[in-house]
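Order as written gives the chain letters A, B and C; numbering starts at 1 within each chain.
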Amino acid sequence: MTWLDTNRAYVLDMLVQHVRLAVPAIAISVLVAIVLGRIAWRWPRAGTVVLGIASLLYSVPALPLLIVIPVLLGIPLRSGLTLVVALAVYGTALLAGTAADAFRSVDPRVREAAEAMGYSRTGLFWKVDLPLAVPVLLSGIRVITVSTVSLVTIGALVGIPSLGNLLTDGFQRDIRAEIVVGVLGTMLLAIALDVLLVVAGALLTPWRERRPRRARATTASAVPAVEGAA
Amino acid sequence: MGIEFRDVGKTYPDGTVAVTGFSCSIPSHRTLALVGTSGSGKTTLMRMVNRMVEPTTGTVLIDDRDVHELEKVALRRSIGYVPQAGGLLPHRRVVDNVATVPVLTGTTRRAARTAALQLLELVGLDPALGKRYPAQLSGGQQQRVAVARALAADPNVLLMDEPFGAVDPIVRRDLQDQLVQLQAELGKTIVLVTHDIDEAFKLGDQVVILRTGGIVAQTGTPQEILAAPADDFVRDFVGIGRAERSLQTVDVDGRNIVVDGSGRPVGVLT
Amino acid sequence: MNLFGEALRWIGDGSHWGGPGGIDTRIVQHLWVTFAAVGIAAVLAIPLGVLIGHTGRGRLVVVALAGAVRAVPTLGLLTLLGLAIGIGVEAPLLALVALAFPSLLAGAYAGIEAADPGAVDAARAVGMSEWQVVTRVEVPLGASVLIGGIRAATLQVVATATLAAYISDTGLGRYLFSGLKSRDYAQMLAGALLVAALALLLDLLMAALQRASSPTQGKVPS
């Protein structure tokens, strides 16, 4: 860990860069996926097309996407925006189907009763559908958060700085400690964001019956697993 | 005054006919029970009152006003609605469920909650249950909450969609008794949908028995229907032939004991 | 947009085909490393997944572990292994095996768990051994989900195999990296399009396979 001691500022800088790329990409994914998921839920036929395109996009590998997007949008290859767009495309593709499932998971009896009581169309969405879709939606957001944080590292290959720089730099200069710090840093960031999401989920869904035994098991096992993988 | 169905029909775009040429009216402060098997269009008819379903022909009037001329959302907020089991908002505490419509129409949350707690008491629930979420209540308690919620905005009209269909028979009888008592106090105009003829007879002042396709088999008070069933369908539906409907008295030691069709004693004639 | 034209012309150029660095050779390499990685991971993960699904034991631990493995950036694993094992195909192969493992495992146990408990119970009741319950009931019933896991793993691996070229001279990723170094955008884009096309093709193929194995096709001995 002596490498970390002498390079703390650099690592911190890369961590900040990493967050700046990952968080907007995740946020855009969530917003766009909710819109697409809602469309797919509301109009199943259009939904099949939308979700089909999404899964097609998802099968385009990330690194090539980083090269195709600048060409398509006319933005510089090494711009952070390229990576954010690429990861947002990815995240959206992965999340749109889950978002549609999330809306489908809302009990139709509840929706109907709410409508009959006099919720307006927008009220129904914001006050009933969206809050009740949170549990399923959140499970999908957790998946794309982990994958997005991990994929940000690939940006280092085309010169977009993040914790991924520790991986490429460590490889080129044969400093294993640097790579280990990069890997661990990325994983810790993913876990930190995941914990945040779980907490946010618990705060947003106080009505759900908690199964404390299971919740404890997941958080407890995540930590030793990190050590094992390192 | 009251609610009037004037020659209403509903044909879905795929050609399914749910209701044809249905006419019926119920005066204010009375209960209309729509009863029939599934596919009889009873729920469709009830849903026309708050415009959850738009009739393809005819009109529905509340107090002589065509509901079609009223704004949908405002209309629904002005009508109490008791859904089938599972219609409470699972993400809202019981008290907030009851306060839903008043809050939607602009009452402050605090005032709506205070009123909601009183309503819980009115339907026979401990106000302390207000803090819970619907999933933490029994099925019977949930339906009491649903009734309280429907009453929250003090509507003149209540729509009840098989409100007690999913609870066990003992609880159902309790809930029915309570509704009878509440209705005696409050005097709402109620449209009740049920597939249970006993419930229809117990709660309805006027009962409409429907056949498949929304065709009226018979309309009348429970007494009228029992006294003169229109045809075999009605006779079968109300169970005239059933043992518990054909009662007779037998003299036992000078007292008139009532026995049913299979000879089981059910009571004493006084 | 004319960059796309250049890239397509680059692919169409006969001098880029044949020989040790030719497009055909690279495609074969790319597919080889993909199938090898998925194959090795499948041999390890599927029996384990079936065992977990069948017994219901160790599920939480394995699920959490698989989740943690997903969080490992593959590039990190790749570079670490590259330094440890040296430049060659072994390091990327190992990294890709690790990448494929969680999806395969999840597919296997989810498939087995998805098998109708009634059918499983009935199979025991008619006197099947545990082995027969697994091979004749649970695996055929869960085949579609299991193959879904293989599909997900294959997709991830064929995409990520592009990275292999970062530490070894293998696969289609080579065009991306050498184009990046020499600022030859046509070559880079050509490589990107080839990988994307290959991934799409493989995924469509796997999707068809998955559909064909749907349990409603019915292979359950009654």
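As a working rule, contacts are C-beta pairs under 8 Å (C-beta built on N, C-alpha and C of every residue); 3 or more make two chains touch, one makes a residue touch a chain.
Fair warning: this is a prediction, and the values are worked out from it, not measured in the lab.
Chemist: Identify the chain whose mean C-alpha position lies nearest to the mean of all protein C-alpha atoms shown.
Modeler: Closest to the centre of all protein C-alpha atoms: chain A.
Chemist: If you tally contacting C-beta pairs, which comes out ahead, A-C or A-B? Let me know.
Modeler: Of the two interfaces, A-B and A-C, more C-beta pairs touch across A-C.
Chemist: State, to the nearest whole Å, the distance from the C-alpha centre of chain B to the C-alpha centre of chain C.
Modeler: Going by mean C-alpha positions, chain B sits 58 Å from chain C.
Chemist: How many angstrom lie between the CA centroids of chain A and chain B, rounded to a whole number?
Modeler: Using C-alpha averages as centres, the distance is 48 Å.
Chemist: Please compute the C-alpha centroid of chain A, do the same for chain C, then give the distance between them in whole Å.
Modeler: Taking the mean C-alpha position of each chain, the two centres sit 21 Å apart.
Chemist: Multi-chain contacts in chain A: which residues touch at least two other chains?
Modeler: Correct list: empty.
Chemist: Sort out for me which residues of chain B touch chain A in the complex.
Modeler: 47, 50, 52, 73-78, 81, 83-93, 100-101, 104-105, 133-135, 149, 159
Chemist: Report the residues of chain A in contact with chain C in the complex, numbered from low to high.
Modeler: These residues of chain A touch chain C: 56, 58-65, 67-68, 71, 146-147, 149-151, 153-154, 156-158, 163-164, 167-168, 170-171, 174, 176, 179-180, 182-183, 186-187, 190-191, 214, 217-218, 221-222, 225-226, 228-229.
Chemist: Hey, which residues of chain C end up touching chain A in the complex?
Modeler: 1, 3-4, 60-61, 64-65, 67-77, 79-80, 82-84, 155, 158-160, 162-163, 166-167, 173, 176-177, 180, 185, 188-189, 191-193, 195-196, 199-200, 203
Chemist: Considering only the defined contacts, which chain A positions touch chain B in the complex?
Modeler: 107, 109-110, 112-120, 123, 128, 131-132, 205-207, 209
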